[in-house]
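Shared between the two complexes below is chain A, which pairs with chain B and chain C, respectively.
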Partner chain A sequence: MKFTIQVNEGPYQHQASDSAYQFTKAALEKGHEIFRVFFYHDGVNNGTRLTKPPQDDRNVVNRWSDLAAKHNLDLVICVAAAQRRGIVDDGEAKRNGKDATNIAPGFRISGLGQLVEGAIQSERLVVFGD
Partner chain B sequence: MSETKKFMYVNRKAPYGTIYAWEALEVVLIGAAFEQDVSLAFVDDGVYQLIEDQDTSGLEMKNFSPTYSALGDYDVKKIYVEKESLEERGLSIDDLQHLTWEDEDEDYAEKDSIQVVTRAEMADLFAESEVMFNF
Partner chain C sequence: MSMLHLVNKSPYERNSLDTCVGYVKEGDTLLLIEDGVYAAMSSGKASAKLSGLDVAVLGPDLAARGISEERLIDGVAVVDYAGFVDLAAAKDKVQSWL
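What follows is the complex of A and B.
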């Protein structure tokens, strides 16, 4: 089955990102297709490479990046939500005059149309959040 | 992308306390460009999103409630509000904004967008939808 995954909450504060990751990983292992993972609301905070969780805890951000590298996943961060919360790539930094970037490997910033397209193109949209 | 799906945007939270309501509305507005069969549902505290005469001046937050009245222009004509959710909060349809859309086929006659439906009817609407966006 073809899925699009929506992640609505940030890392550590809320289990939504963990559950989304576990679901995505399990679906891929079962041979399903993940069309896209879309990060919205505080979910965009899953895409900053600047986190440094304690060593005895899981690394939520790196886990997404590693999964993306392994399975060629499309991890998309909503641009409007990212601008509010300070998730920045090179293009955004240039456009908005910011002096740094923080996007993690494997993520890209794009518009809400990517979520709607994912919902249309996939057989299931699965939403993780409150 | 000519495929048309039945979209259901479920709004469950009050505005301003969290950003879900406002960012949900942003998805609806962007999604309108994809010309899908769109419905909106307002349940639980989500019914507060449609209260008329909202004043956020004391909050220093943008009052985004006028945006709902633009939905008709985005071809969003089906807005379902759950009866029980209104009643549980001491509200009725008279407390909500009057939202309309213009019917091109009837000389742009103004028609009501909001329908109050029971919880059981809402469940049927959810079951019929193909894509559920949850906010």
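What follows is the complex of A and C.
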């Protein structure tokens, strides 16, 4: 079955990003397809490569990047939410005159249309948030 | 048209469980995750609201909060993340009551 996952909460706030990750991982292990993971609102903060959590804590960002690399996941960050919160890739840095980027490997920045497409193309949309 | 309802906040913190139970129909399942698992405790204030409903609770979130299965309402199913995925696939839609 095809799933799209929506994450509305940043890492280390409550539990939404952890729950979404565990659900995504379990779905993949069961042979389901994850069409897309869409990061919206504060969820875009899951996509910065500059985090450095303590060594004995889980690394929420790296965990998403690693899962994406392993399963060729499409991790999409909402562009308007990213601009507000300073999540930047090369294209956004150029377009908005920023002097740095911070997007994590495996993530890309795109529009809300990607969420709508995910909802249409997938059989289930599962939302995790606050 | 069956639905999986997700509630992720404690009934002591939010009223999302109250909102949710008003919409749960025959054939639906209510899955309690994250702080929502507190609602499944038999001694809790939410226990009466769940009677007659098909209720499941996420085991890892229960364990993370130190709640043993003996303290749950009778008939509540404990599932792991694989069981969560199975429920999402088995029902026609998934609704998160955020």
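The definition used in the following text is that the second predicted complex is superposed on the first by the 130 of 130 C-alpha atoms of A that agree within 3 Å, B and C clash if a C-alpha of one lies under 4 Å from a C-alpha of the other, contacts with A are read in each partner's own complex, and residues count from 1 in each chain.
One rule holds for everything that comes next: contacts are C-beta pairs under 8 Å (C-beta built on N, C-alpha and C of every residue); 3 or more make two chains touch, one makes a residue touch a chain.
Predicted model only: the values in this text are computed from it and were never measured.
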| item | value |
| --- | --- |
| Which of chain B and chain C A:Phe23 touches, first, second, both or neither | second |
| Chain B versus chain C as contact partner of A:Ala80, first or second or both or neither | first |
| Partner chain in contact with A:Asp66 - chain B first, chain C second, else both or neither | neither |
| Which of chain B and chain C A:Leu115 touches, first, second, both or neither | first |
| Which of chain B and chain C A:Gly129 touches, first, second, both or neither | both |
| Partner chain(s) touched by A:Met1 [first = chain B, second = chain C, both, neither] | second |
| Which superposed partner A:His32 touches (first chain B, second chain C, both, neither) | second |
| Contacts of A:Gln15 with chain B and chain C, given as first, second, both or neither | second |
| Contact residues of chain A, present in both the chain B and the chain C interface | 8, 125, 127, 129-130 |
| Residues on chain A engaged by chain C in the complex (per definition of touch) | 1, 3, 8, 14-16, 19, 22-23, 25-27, 29-30, 32, 124-130 |
| Parts of chain B lying in touch with chain A, wherever the complex brings them together | 1, 3, 5, 7, 19-20, 23, 26-27, 30-31, 33-34, 36, 131-134 |
| Chain A residues within the chain B interface of the complex | 6, 8, 40-41, 80-81, 84, 111-113, 115-117, 119-121, 125, 127, 129-130 |
| Parts of chain C lying in touch with chain A, wherever the complex brings them together | 6, 8, 33-35, 60-61, 80-82, 84-86, 88-89, 93-94, 96, 98 |
